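Each chain gets a letter, A, B, C, D and E, in the order it is written, and its residues are counted from 1.
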Amino acid sequence: MNIDELREHLCATYPDLCPLFSIEFGDGVLIVDRGRYWSAAKDLRDLGFDRLGMITAVDGIDDFEIVARLTAREIGAHIFLKTHVPRDEPAIETLTDLWPAADWQEREVYDMFGISFRGHPDMRRILLPDDWVGHPLRKDYRDERIIRRPDYI
Amino acid sequence: MALERTPLGDGRVSVSDSDASGVRGFLDAWGSILTGLTITAASAVPAPKTLRYPFVKLKLDARWRGALRLRGVLGRDEIPLNRTDDPTAYNAMIEGLHQAERLSPCVGNCPANVDARGQNYLVAEGRAPEAFELVRERNILPGVLGRICHHPCEGACRRNLYDEPIAIRPLHRFISEQFAKVRDERLAKLPVTRVETVGVVGSGPSGLAAAFDLMRLGYAVTMYEKDDKPGGALYSGVPSYRLPREVLHGEIDDIVRMGLDLRCDIEVGVAVTLSELGERHHAVLIAAGLQESRILPLPGAESDGVRGALEFLRDANWKGEAGVRGKHVVVVGGGNVAVDVARCALRCGAVEVKLASLESEEELPAHPWEIEEALDEGVIATCSVGPVEVMATDGRVTGLLTRECLSVFDETGRFSPVFGENTTVLDCDVIVFAVGQAASLERMVDGTHVHLNDRGNLIVEGQLLTTSAPGVFACGEVVTGPGSAIASIATGHEAATSIHRFLRGEDLAEGRVARPVPVYDAYQAATLDGVEQSRRRVLMPVSQPEDRVRDFRQVELGITHQEALTEAARCLRCQSEVCVGCTFCARTCPDYCIRVERVDDPGARCLTRYELDLSKCCFCGLCAEQCPTNALVHSGQYELSFYHRDLMMFDKGEMLRDPDPTRATGRDGIEPPSCPVRVRRQP
Amino acid sequence: MALVDKIGQSLTGAPLVLTNVDALIDWSRGQSLWAMPMGTACCAMELIAASFSKFDFDRLGSFPRPDPRHTDVMIVAGTITRKMAPAVKRLWEQMPEPKYCIAMGNCAVSGGIFYYDTYSVVRGVDEIIPVDVYLSGCPPRPEALQDAVLQLRELIRSRSIAQGREYDRVYTLPLPGGERAGTTDPGRAEAADVLAGRRPKTGGDE
Amino acid sequence: MAIDIESRTSVYDEEGRAVEELVLNVGPSHPSTHGVCRIIAHLDGEVVTKAEPVIGYLHRGIEKMAENRTYLQIVPLTDRLDYVGSMYANWAYCRAVERLAGIGVPERAEYLRVITCELQRVASHMMSIGSTGADTGAFTMFVYAFDVRERVIELFEALTGSRLTYNYVRPGGVAADAPEGWLDDVRRVVGQMPARLTELDRLFFGNTIARGRLKGIGVLDVPTAIAWGASGPVARGSGVGWDLRKSDTYSLYPRFDFDVPVGERGDAYDRARVRLWESVESCRIIEQALDQIEPGHVKAPGLPRLLKPRPGDAYDHIESARGSLGIYLVSDGSPRPYRMKVRSPAFCNLALLPLLAPGHTMSDLVVILGSLDPVFGEVDR
Amino acid sequence: MSGLLWGMLFGLLAGTAIALAALFGVWWERKVAGRIQMRFGPQEAGPAGLLQTLADTIKLVLKEDITPRLADKRLFRVAPLVVFTPVAMSLAVIPFAKGWAPLDTSVGVLFFLAVPSISVLGILLGGWASGNSYATLGGMRGAAQMVSYEVPRTLAVLSVVVLAGTLRPTLLLGRFQWWWLIATFAGFVVYLISSIAEMNRGPFDLAEAESELVAGYFADYSGIRWAVFMMTEYGSVLAASLFGAATFLGGGWPFGGLLGVVALLVKAVLITTLIIWVKWTLPRMRADQLMRLCWTVLTPIALVQLLIVGAVVPWL
């Protein structure tokens, strides 16, 4: 199935997701509201997206963008599911109940960005020590132990 | 069964296997243990593959990325200059450098392989007259080419990768200006050491180049020019706002002072025949250039007001008046000649000048900087139109009927224009066709063994530049067709080599190499974000468009002495194996482990600091890859144990240590070379 | 400190005796440098390669033993993060004297490529334990590691047992179990935490 | 370290009987953790009741570092992600950059990428199989497998100038063309390889003790493998024929004829043997690539030194020795990426350990860990 | 009194012999393992690296002797001796030549089979006393394994005893006939395998499994105490090889006198090499597999072997 067929299929099944769908670099991108995130993920899973490749976040200064990449093995399509999480209340539903693969990945997002996932079975740091202060991949992370490499092109 | 693979179809193979049971399984099990014992025993029998390290050392691969070392450093080491005493050996030398990957891009991409790198080095060292002499070996008219060259060297300049290319062409002009000040001291007549003489027909750049090479080899050279002044196309075709005549004739005068016998106003074929020349000289070189403009055979092309480009330029250049004052001019063509014509027409007082070119604006064959200047001056570019008919009333031109052109080249890149339906009429009084030139050699070769082909061109043997008559050679645009001055000069040098070999009775073809030009890819322009102003290219000042359209004064005003020194110092001296302190290694290093500092006093430039923090180096090799000079290399050294971390800070002295495969010792016992104290020359 | 070192220190006034004894002891110590492979990252691959067919550490009498109690030289091969540092420190403490340390690779020497911009890397293992030989490379060749062992041998040879060993700086990474964790004691408290449902402290509390 | 924390405490089972439970701390420096992983294993006698991996001991913040480095300077960083197979991270990263910046790659460069990456697959799998041998005590197997790996490393050394951190694949091509005679060397080495691999098959996978140690250990069924996002030999060992080279093909892989080895039972044996036969298939691919490769450029011409992709994000992935390795790049139009995320297959596969370990003995725990083949540079990043 | 003196002298001799055997054994193992792994092994110290183990020993003796704070200190210190002494003692009954053994006793075979088992205690003690889970696990594994493998080992040796009709090793050596080699071949294999298991060597080195338990029961020992453990291991290899050569391979057969002693030593070295070869070829078994091998394979074979020599051979 190519990406256009995927769009048609998606639009036919879930008309409300249709206007949120776009194509970038050959992959489908679906940007949804925070409230629709979990249900959209569920809809996509029902559509055949059985593999959760990755979940990550991007610090967009004003808010965080959650990026989940899903793959439908049978139809050979990939899709990005994106949503935005406000900075002052960084929390969103977990996807572990849909794909257990989200378990560690969401812990990593929590570790690096401080976004907590509601309903996650084991929401704690994974890479950094438990007593670490701050979330390093946030753009406003400050740590006096970091020596900045001089900016020099 | 054990160790089986079963195809599952669909390109999949199952590697799961199962054990046998019962007695068979028992035997399998013990058999597998015996198999294992056999395999290990079999491995124990042959001699081990071990390297006995401290005693036997592995020969490392050439690419092994060991500790970084510098081969040479600014202020201590001279860079090699591309010069030979024997001009016929120059090309082979360049080829040798090319094979050894030591040819700098600017030299490689110049058709005549002018040593631009050496020029920049010498200029930065404050030795401009020497630079002039170095350049003159391959570029007989540095001052001229410094004004009109299309500088393929700058497109390949490594500096394009980082910011902007070196201003090689303006530096040519600068060195010629510097040389002019010391001309009387440095010019000497070249001794004639051989009995053979050579006659050269035409005094254009290619003929001069050949003559100069031959004079250096000791031949007496006589040059015949049909016009009253020498210079060929440079004199008749190039407008003087680009090339002032005193510069051209000054440089030709230098050659005459070195011993060239220049005879003007002698048209070969009229005043003297080619056969007579053949009797007078041991070899004859035809460097007559292209004399005639092509005029498209359109309906109405014979009307009054239709002109050829060469005639037009000749009028404009020699008389400063081309009969277009107050008129509307359309120039047909999109090449450099067309642009020249258009700009001359403006200077000759034309009210409005339009370029009518077949190609679209992006495809115009003229050099972009020329087009830009022309547009600045008020030339109107009408692109993607093909001329259909010259409209005339009473035999006088009133306009040009054109048709929309959809595409010029087909998929294979061949010229095959496709026209659309739309037509427009360009109203004008004068139409100048700048759509090509042709040689007119019929009169010259008449009655000789020199043959022309059907189209009136000389039949020339490829790179050897021999014609169908022995002892008669040809070079320049009669061979290459319309092209750049520097490409003509390149053929001149080749012709000189052929003539020399012919006169010595040697095999002409032996060891001659044809190197495709350009050798290196040109670079895309770099993004200039984050580039400090001090690293940018010097800006050639030009006169304002509204001023310059009024007369034929030079547009480019030249750069100052200080600017020239700074600009030459920007040169990266590619492949010279001498570090210039360009800091690109430090900028590229992902670990920020290199510190470079350099003193930039003109005349006493010196790398004062080069430090490598070996303890941070990640041996990725990006710095050595970036190094334009190849001075920074990975040595084969890998035994890098130290008793203290501070010893891992390699300073300039350690960096310059011979990268032999012995152990690094840190810094003890090595005196870093200090900067030589040089007498600063006064500009 | 080993008994012999104590004897050696008390015998400082008797150089004649010591010379021969020194030579023998230095020979045996230098000849038998069993390695504690503290391989954390890329350099560990070269550490492994060094003891295998092509390079054969065993020729030099050196081979890796995973147990710190049996080893003489800790080869720190790879990046040491803040989370890892206490473990390295404790392993070092568990090694019996005389013990040596080779910092293999630039990460262990100074943080190397991970010196700048990162928040979790210890900039050189000599921030936590004393290092005898620094070996640069990213990663160094196995031969380079063998060379480092030979250099360490030279170092051992140059030291008399009478001198003992001086560390030129104080290593103050705090450990949960007190200054000398020559025992397995402190872990128990952590384990009790685990069992009691409290989360284990995973180190890195600098 | 091995001797880090441990405790014996009485806990009570559902019926109120006292059960001696031993909490054994494996790692972070343990000979069989393949790097720096710590596993808190709860043992009932010798049987593992719960195994909790604690990772992050090699978390070096590469993703953060990438935000302050230009696109070219990140390539050496990606070398250090999966240090057993540096080529993969190089390639995945460069694919993402090429996608983001719209750079085309010359065909010869693609061939060289395929050849090096398949060689890398052999080298990486040899490390994995060898350490499976070492985990089960067959140390000589490790040595033999490493010897095969060493042959590949020698080739890489001649090609790239480094034994481990190659920095070879670059945005727009590869760093340098193959030196003269290198492709012939590859052909020679690869020609000898299948025989050597078959011998390893007989030595180790045919051995009754090894079979006893590996079979039925850490069984991963297909639904779990898919749901937990397993990829690479871990998924294929369970019979999931998910190989990006075929299922989501990229680069020149459609041009080659090769099989995908899969397991049927999903145990440690299948996973390890899949790796061995994948290496043989890699040799087939390399030979085909060597037949097809033609002279040409190895770098996209005229590439600027400083890449500045337009703002946007791109993800690209390749099949590494450990599974689908993806790089997600976000650009804000500056010469440095705004965010780089490494989708690490080893990270996802390692998450399966708590599922697979319970019920097996302590001896099997290290085998299961080894069969997941984690490389902690990539797990922790 | 003379017995005591003799005993002390023997103790000294046995200690030296084991030390020498360990020196040679370690060197030989490293050389053989090296060649199997396509490398050289020790090379630098002395000719062909012969002095390598000497250097190791001197170094180990001079190393710091750490007693962990949590260890049961007395047990911790005594455990290496408890392991070492029985193995040294067991050497006493080896019949080096026809009619000569350091300790010529009528129950010599039983002595040899029984006394080394005492080192199980030492292993258990050492493992427990270290206060370290790995060591404890290793000690447990070692104890279980050694106790189990007593059975097939004893049964295998019994077949020779039955043939010879005596438990006195010297006599046993004297009565050797060449066809015993064939008749007791299966017994020899079982003896070899169970001996390897007894001495905790690969593929049965679960107790010290490097990849699982780091170093097993001696994980917390350092310096000379650990050296004693290592010496014990090579002492047992020596003892098992010598005893196997003496019982199953006929000692000095077919030579007598001094040549016979040399022949015995050569056979012992060959058996040692075989043990090393096996260790460096095969993977390690798991505890349950080890037990299964013991009870379902080796013990029945040993029994069948006993049946053959006891019930079938007399009928021939």
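Simple rule for what comes next: a residue touches a chain if its C-beta (ideal position, glycine included) is under 8 Å from a C-beta of that chain, and two chains touch if they have at least 3 such contacts.
As the structure is a computational prediction, the values presented were derived from the model and not from experiment.
Common neighbours of subunit D and subunit E under the contact definition above: B, C. Interface comparison, B-E versus C-D: the higher count of C-beta contacts falls to C-D.
In terms of the distance between Cα centroids, subunit D is separated most widely from B.
Geometrically, the chain at the heart of the complex, using CA-atom means, is D.
With respect to subunit A, maximal separation of chain centres occurs for E (centres as means of Cα atoms). Centroid to centroid, with C-alpha atoms defining each point, subunit A and subunit B lie 52 Å apart.
Spacing of subunit A relative to subunit C, judged by their CA centroids, is 42 angstrom. Taking the mean of the C-alpha atoms as each chain's centre, subunit B and subunit C sit 58 Å apart. Taking each chain's centre as the average of its CA atoms, subunit B and subunit D sit 47 Å apart.
In subunit A, 128-129, 136, 148-149, 153 are the positions where the chain touches two or more neighbouring chains simultaneously. Residue positions 34, 36-40, 43, 132, 210, 214, 219-220, 280-282 of subunit E each touch two or more of the other chains.
Touching of two or more other chains is recorded for residues 52-54, 56, 59, 66-67, 83, 94, 113, 115-120, 138, 141, 184, 200, 202 of subunit C. Touching subunit D in their complex are the following residues of subunit B: 2-3, 5, 7-8, 10-16, 19, 28-30, 32-33, 35-36, 39-40, 43, 49, 61-65, 161-162, 521-527, 529-530, 588-590, 618-622, 625-626, 634.
In the complex of the two chains, the subunit C residues touching subunit D come out as 38-42, 44-46, 48-49, 52-54, 66-68, 78-79, 81, 83-84, 87-88, 90-91, 94, 113-114, 116-121, 138-139, 141, 184, 186-188, 190-192, 194-195, 200, 202. Across the complex, subunit A is touched by residues 82-83, 115-120, 199-205 of subunit C. Partner subunit C is touched in their complex by these residues of subunit E: 30, 34, 37-45, 49, 51-52, 54-59, 62-66, 68-71, 131-132, 210, 214-215, 219-223, 226.
Interface residues of subunit D facing subunit E in the complex, by the touch rule stated above, are 2-3, 6-8, 22, 24-25, 30-32, 46, 133-141, 143-144, 147, 204, 207, 209-210, 212-213, 361-366.
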